[in-house]
Amino acid sequence: MAAERVLVPLSDTVTVRQTVGYAVQSCPGEAETLEFHLVVALPYDTEMPEGQSLTEDAERLLSKAESWVREDASSTNVTIDVTTSVLGDDEYLFGPRDYARTFDSYAAAHDIDRLVLDPEYQPGTTAQMLQPLERELESVGLAYDEAPVERPARHERLAGDGAERFDKIFAMFWISYGFYLVLGDPTYWFDLVTGAAVAGIVAVSLAHVTFTFPLDRIGSPIRTLRFGLYVPYLLFEIVKANLAISLVILRPSMPIRPTMTRVNARVRSGLPLLALANSITLTPGTLTVRADDQRLIIHTLIPSAREDLFEGSLERAVRFVFHGRTGARIPTPEERGDTEIIRGDDL
Amino acid sequence: MSQPDSYTNSDTYSESQVILTSVRIIAPFTLTYGMFLSLHGADTPGGSFQGGAIIGVTVLMLAFAFGIDPTRKWVKNSFVAGLITGGVTIFIATGLFTMALGGNFLEYDAIADTFGIAHYWGMEAIEVGGVALIVAGAVMTLFFATAAGFTPDRHSNESDSTYSSSSSGSASGPEVGRDD
Amino acid sequence: MTADLLNDIFLVTAALFVVLAIMMFYRAVAGPTTQDRLLAVNVLGTNTVVILALLAAGLDEPWFLDIALIYALLNFLMAIAISKFTVERGGVL
Amino acid sequence: MIEQLRFWAIIILLAFGLFFTFVSAVGVIRLPDIYARAHTASQTDTLGAGLALAAVALALGWDSMTIYAVLLLFFVFITNPTAAHAIARSAAESGIVPLTDETEVDVEPDPSTPDEGDSQ
C-alpha cells in the first residue's frame, strides 16, 4: 500500500486532541505516505451573522490540529501530508444525515480509506450527535473508526461535561437559594440556613444537568434581560392570536384549514430551540409537532397563522434574545426558502 | 435512549429537544420546592409527604425525559437505598430518643420537657428525616424496580428483593408519622 | 362587603370551570386514539389546577395553592410519561 | 378607589379566563383530529388558566401565598406547551396521519402555491 488517506472531522471538544493522536498512531506501518484530511463542518453558511466567527474558530482549530499531526508523526519515518478544509460553508447543515452526506461526498472526492471519528463529535450545535451520525454513516456506506479515547462515549448523557464546573455550580446555587427564599421568609434564620443547605444539594446534583452549555459570564445576564423584553411581546402575540382562533372555533361553520409545514429555523438547539418551539406552540394556530435539530415540523390550523409563521417574526424575536440586535436581522423563512408545506402522511 | 429496535418511519427515535430542555429548566426548581416543602412539613399542611413525593417525581421526570438507563447511572442504586435506610434510621432514632428521655415511642413532649425547646423540633426531625427521605426513596425505587421488571433478565433477583423489602418497609413508616 | 362578593364570584367561577372540566370527559371517553384521551385528561388536569387556585381564593384557604402546584407538576409528568410510553409501548423510555 | 379598580380587574380577568377555557373545551370537542385539538388544548387553555391564576394572584394581594399563584402561572406557561408538544409528537411517532386540506378533498398537493383564503 503506497498511501493511506485518513479523514478526521474535527470539532472543538475535550477529546479532539486524543482523537488526532489516535488517528496518527492507528495507521498501519506498511504505508509509505500518510495523507491526513482534517475537516471542520460548519452548521451555518457564512452569510449568517454568526457564520464569520465560526469560520475563524474553524480555521484556528484546523491549524492547531495540523501541528498536532506533525508533532505526533515526527517519531515515525513516514511521509506526512496534511490537507485541511472547511466543509459546509456554502450550505446549511441540519442534522446527522447532512453531515454524513457531506463526509461521504468528501471521502469519494479524495479517495479516503478510513474515517476516524471523535466520540464526542459535536459540530457547532449543542446537541450530542455521535450516535445518529454513526447510523447515518452506516446508511451511506462510509466506513468509520471511533477513536478509543479515555472518556467513554455515552449517547444520551444526563449531565454535561465537567468544564466550567465552578461557574455552573455557583449560578445554580444562587438560583436555587433565591427561589428558596422567595418561597420562604428571607428574614427567618431557619430559612436562611436550610436554604443554603438545600441550594448546595441542588447545585451539586443538578448544575450539570441544567447547564449543558458553557455559561457566559457577560452574555447570560444580558440574555436574561433581553428575555424580559421578549415576554411582553410574546404575551401580546398570544392574546392577539387567541382572539383570532376563538372566532374561528366558535363560528358554527368552523372554517379551519389544517396544514402540516416544515420550517427550518435558524436557531441553535437547546434553550433557543425550546424558546422558539414553545413560543410557536403557545401562539394559537401553530403547534410544534417535531423539533429535531433545526427542523421544525409545525401543524397550522388557520391560514393567517401559517402566514405569520412564514414571516418568522417569532424566530427573529428569539434570535434577538440570544444573539442581540444584529442576530435578529435575517431574512424571513419564506425568503430563505426554508418553508415547505408537506403532506399529512409525510411526517 | 434510542435502542436499535425503536424505529419509526425508518428514522431513529431521538429524544425531543423541547422536552429535554424544559425538563432541564424545571428540575432545579422542583427539587428546591420539594426540599422546601419537606423542611416546612411541620408548619404547613400536607408537608413532607408531598415534599418527598416531589423530590421523587423530579427524578422520575428526568428519567422520563432522558431515558431510564442514563438516570439509573446518575442516581446510584446505593444512593436510593441509603435514602430509605437513612430515613428509617432517623425515624426510629427519634422514636427511641424520646423513649430514652422517659416518654413513649415518638412522644415529642419528652423532648420539649427535657430540653425546654418547642414541640415543633421533634416533629421537624420526623417530618424531614423520616417521611421525606422515605417517600422520595420509595417513589424512586418503586419506579426503577417497575422499569427493571419489563426485561426480567436485566437485573438479578437479589436487587429486586432489596427493592421490595425496603419499599414495603417504608410503606408503614409514613403512616405512623402522619398519625401524630 | 366587596370581599364577600369577591369570594362568591370566585366560587361561582370555580363551579363553571368544573362544568368545563366535565365537558372534557366526552373526549376522554370517546377517544378515538390514546393521544386524544391523554390530551383530554391533560386539559382536565389544567382545569383542576385552576379550580384549586380559585377555591384557594374563594374559601380563603391559601394552602390549596400548594396542592395546585403539586398537581400541575404531576399533570406535566403524566403527559410526558404516557406520551412517551405510547410510542413503541415503552421501548424508547 | 383602588379597591374598586382591583375588583373590576379581577372580574374581567376571570371572565376572560372563563371565556378562553370555554373556547378550549369547545375546540377539544369540535375539532376533527388530534393535532387540531392539541391547538386549543395547549394555547387557549393555557391563556384561560393564566388569566384565572392572575385573577387569583390579584385577589390575594400582597400575601406570601401570592408567590405561589405567580409560580403556578409561570409553571403552567412553561409546561402546557411542552405537554402539548409531547402529545402531538407521540401522535406523530405512532403514525397518526393528520387531517389536512389535501387529505380531506383528496387533491394532489402543490407545495409551491400555498392556498389562500377561507374554505367557507
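Order of writing sets the labels: A, B, C and D. Residues in every chain begin at 1.
Going forward, a residue touches a chain if its C-beta (ideal position, glycine included) is under 8 Å from a C-beta of that chain, and two chains touch if they have at least 3 such contacts.
From a predicted model like this one, the values you see are computed outputs, not experimental measurements.
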item	value
Identity of the most central chain, Cα criterion	A
Contact-richer chain pair [C-D vs B-D]	C-D
Inter-centroid spacing, chain D versus chain C (mean Cα positions, whole Å)	13
Whole-Å gap between the CA centroids of chain B and chain D	34
Computed distance of Cα centres, chain C from chain A, in Å	35
Sequence positions of chain B contacting 2 or more other chains	1-2, 8-9, 13, 16, 18-19, 22, 25-26, 33, 67
Overlap residues in chain D, where contacts from two or more other chains coincide	38, 46, 75, 78-79, 82, 84-86, 88-89, 91, 93-95
Per-residue overlap in chain C, given as positions that touch at least 2 other chains	63, 66, 69, 73, 76, 80, 84, 87-88
Contacting residues of chain B [partner chain D, same complex]	8-9, 13, 16, 18-19, 22, 25-26
Residue ranges of chain D in contact with chain B within the complex	75, 78-79, 82, 85-86, 89, 93-95
Residues of chain A defined as touching chain B within the complex	127, 131-132, 135, 154-159, 172, 175-176, 179-180, 183-184, 194, 198-199, 201-202, 205-206, 209-210, 212, 269-271, 273-274, 277-278, 288, 290-293, 347
Chain B residues touching chain C - in the complex, by the definition given at the top	1-3, 5-6, 8, 13, 19, 23, 26, 30, 33, 37, 44-46, 50, 53-54, 57, 60-61, 64-65, 67-68, 147, 150
Contact set on chain B toward chain A in their complex	1-2, 9, 12, 14-18, 21-22, 24-25, 27-29, 31-33, 35-36, 39-40, 62, 66-67, 70-71, 73-74
